[in-house]
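Chain IDs A, B and C follow the sequence of writing; residue 1 opens each chain.
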Amino acid sequence: MGNDTLYQKRKRPGEAFLMAAIYGAASIAVLLLLGIIGYVFFKGFRVLNPAFLTTVTSSLKGTVGIAGNLLNTLYIIAITLLIATPIGVGGAIYLNEYAKPGKLVNLIEFTTETLSGIPSVIFGLFGMVFFGNVLGLGYSLLNGSLTLTLMVLPLIVRNTQEALRTVPDSYRSGALGMGATKWYMIRTILLPSAKPGILTGVILAVGRIVGESAALLFTAGSARILPKLGTNLVENLSRIGGKILQPGGTLTIELYLQMQNGEYEVAFGIGCVLLVIVLLINLLLKVITGNARKYGKQ
Amino acid sequence: MTITGKNKNKAVVESVAQIIFTVCASFAILAVASITLYMILSGTPAIFKVGLKEILFGTVWKPTAAEPKFGILYVILTSVVGTMLAILIGVPVGILTAVFLAEVADKRIARIVKPAVELLAGIPSVIYGLLGIYLLNPLMYKLELKIFAGSTTHQFTGGANLLSAVLVLAIMILPTVINISETSIRAVPPSIKAASLALGASHIQTIFRSILPAAKSGIVTAIVLGVGRAIGEAMAITLVSGSSVNAPLPFNSVRFLTTAIVSEMGYSQGTHRQMLFTIGLVLFVFIMLINIALTKILKKGAAEDGE
Amino acid sequence: MKTRTNKVLALIGALTLTMGSLAGCGSEAGSSTASSSTASSSAAESSSAAASESAPAESSAAETETKLSGSIQMVGSTSMEKLANALAESFMEKYPDVTVTAEFVGSGAGIEAVTAGTADIGNSSRNLKDEEKANGAVENVVAIDGIAVCVDPANTVEGLTKEQLTNIYLGQITNWSEVGGADSPIIVVGREAGSGTRGAFEELLKIEDQCAYANELDSTGAVMAKVASTPGAIGYVSLDVVDDSVIALPLEGVEPAAENIKAGKYFLSRPFVMATKGEISAQNELVQAWFDFVLGDEGQEVASKVGLITVK
């Protein structure tokens, strides 16, 4: 820091203070954040065992397990993405490839922005009233997924848009100039090149879904049972499919409920599982964006 | 679109594709419109029944009494004061940490800290709440016992108070603020820094006089997003804040707009339930104002950048 | 992308089909899990039809018992979580093809759900109100619960009188030394407005909506956890959830125990109700089997296992 100026340094007490503030704030923040990760991880790690991850909590036997919540989380992720990804990608294509600047585009961009800013409690209230009562879905995984679709839509739209923007215009004019239809160009040129961006949006959406609690408590509920499977294939399929109309709590909901009941050990166990999931999501993102950069250089 | 345009089928596919994409894009409008509509539909009946003045300026919340009272002034004030305090603590620490990571820190340290911050930006907010209950509340109770020892007027809360909730919120928004500010600081063109240093400004002067002003719009975004996240958070602070309706003083057990909805939704009925939706509507209005402010700021920022 | 859109369309179609067929199967099998509120009237019809059909078959219930299938949905009181989960678990053990789901959202919401037809059973930890009965909800008491007043394990107070308890909750007694304990502030913990436990507690003490709570928590477990971890705290919870982490105080010198509640000596007690829309006999086969089980020996044994007082 001393060689920033060529000349003899004037004494500036204010600067020393600011530097101290930077170091102080940073060390508080860094220690706090690293401490949180370490604390949750080590506190939760001790709770984890195969039974915790593969069984369902039993009031009769007094055992604790989160298998049902893991399954519910997967269900909600799958259904939400199944609905949100096509809509989000389609919307982004419209905004980037078809729309001309004007009121409609402004409105779409404003509402997308707004959607990402609405707190999850409001989504929860809306889901409870609209999907739950008006559409009659009650507390169900489907209701939770539909509600979350609204929440993650902006993430997918924005990331897809950004990815589409990085596709050079020469690709578009090249394809169109060779007589390809616009739709053909989008399908064969734009979407493949924008794939990493879309994936980024999808993975960020997964992160948001995994972390959500308030919106799901009012819409998907908190049940934690696994579907019972027999030997009859058709029946099994209908049970697996039918589960989407039943209530189910995700890992985060279960964490909240356990914490509310003072079962801190279990709560930290779930916290540790969630930490690992988020870590995996972040690594996946790094790999994808890293690859995208590599392709970009080629 | 095609040069020849002879294939009718293709033209149909083209227009169908365009229609589908337009519908997809309009989905956001539809969603916001129906959320707004339903929030208003479910939030206004109680206003007509109870009266807007009594709701917004009443301080007594006794929703189930024989003569129910639905005043949410303290709840609104708690959300405003709580969010402001959380921002006052979280934002300076966050920005200074971002400066540290982008400008001051050794690259090796930054390489360890950055992923940790990203990880924390992604973890469920309830985990912050869990730490708040498990670690912060007992500490706060000890402090409470010391400060109010012998007091007969103070209602003891066992550490579940505004201050605990504010700290949880401040820590919760920290990763978001750090992430966005750091990105915007790093996006400042190196030429600005070089010019400032070349003119003889010290590193600190360069940071505070040249780099931070240049990164202003990103930092403002970080602050607004932090405000949005803090005012909208519910589950992390329901238990940490004690959840009784009181004036927002540091050691009072308090209830936020969000926690008011979450904690009483389960058992409420009739006007009480409608009232919770009204609280939702108030929160919704707050958020819309923040969103509009954000778009204004971003547009202004873009305009300034364009100059 | 065209094929993708097709896939999406197909999926949506499949989804609707599954929903439709599920609703169909449900009513055929005698379950009344209403899949939509608009369909609730038709569901009610079909369930009553199923009930009338099943009436003559009742005598052979023993043989058909294991063939029961479908799902029962309960919604309601958080205080009944332990009982409802335990009952559901043992019921599903007996009838493996039946799914019993339980949501714990509150007594009022539970009764609302059962009268609206979106749930089969509404769990309520208080007696039904007249207006709720007027809407068609029928009160079926399945167990009796005592409300325990608990303090943290280090508290030295040996018991409270009704008056002392009342004054503590009114905020007139604020230190444990005033009721024979150590010199430490009392932290008054309670439930949120609308909770069945709070309603029952305040009603039994005649202090409705006058309490000075320092913490209003939204579940039974949360109150327990707070009291257990906070020196000087006092809270009220269902008797069945009390464990070693807290001390349940004797009131007026009477221990909160099943025999005392049955004998009418302990004044803080309330019924656990599983409300139905219409009498039990008017319910479908599945729900009838549920109540046979719950009110029978097996169900009552489960109830006493989770610390409740049986009704039989």
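Going forward, a contact is a pair of C-beta atoms (placed from the backbone, for glycine too) under 8 Å apart; a residue touches a chain by one contact, two chains touch by 3 or more.
On a predicted model such as this, the values are computed, not experimentally measured, just so you know.
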**Asked** Based on which chains are in contact, what kind of graph results: line, ring, star, complete or other?
**Response** complete
**Item:** Higher-contact pair (C-beta pairs counted), A-C versus A-B
**Value:** A-B
**Prompt:** What is the distance, in whole Å, between the centres of subunit B and subunit C, each centre taken as the mean of its C-alpha atoms?
**Reply:** 35
**Prompt:** When the centre of a chain is set as the mean of its C-alpha atoms, what distance in Å lies between subunit A and subunit C?
**Reply:** 34
**Complete:** subunit A to subunit B, mean C-alpha position gap in Å, rounds to 17
**Sequence positions of subunit C contacting 2 or more other chains** = 1-2, 5, 104-105, 217-218, 222, 226, 229
**Request:** Enumerate the residues of subunit B that touch no fewer than two other chains.
**Result:** 13, 17, 20, 239, 262, 265
**Asked** By residue number and range, which residues of subunit A touch two or more other chains?
**Response** 86, 183, 186, 260
**Item:** subunit A contact footprint on subunit C (complex, rising order)
**Value:** 1-2, 4-5, 8, 11, 15, 18-19, 21-22, 25, 33-40, 71, 73, 75, 82, 85-86, 89-90, 92, 96-97, 99, 101-105, 113, 118-119, 217-222, 224-226, 228-229, 245, 302, 305-306
**Asked** Mind pulling up the subunit B residues that touch subunit C in the complex?
**Response** 13, 17, 20, 61-66, 137-138, 141, 145, 148, 152, 155-160, 238-239, 242-244, 253, 255, 262-269, 272
**Message:** Show me the residue ranges of subunit A that touch subunit B in the complex, using the header's touch definition.
**Reply:** 1, 4-7, 9, 12, 15, 18-19, 21-26, 28-30, 32-34, 36-37, 39-40, 86-95, 97-99, 107-108, 110-115, 117-123, 125-126, 129-130, 150, 153-154, 157, 176, 179-183, 186, 207, 210-214, 217-218, 252, 255-256, 259-260, 264, 267-268, 271, 274-275, 278-279, 281-282
**subunit C contact footprint on subunit A (complex, rising order)** = 58-60, 82, 86, 133-139, 183, 186-187, 191, 221-223, 225, 227-228, 230, 238, 241-242, 244-247, 257, 260-263
**Asked** Quick one: in the complex, what on subunit C touches subunit B?
**Response** 1-2, 5, 78, 104-109, 112, 171, 174, 185-189, 192-196, 199, 208-209, 212-218, 222, 226, 229-233
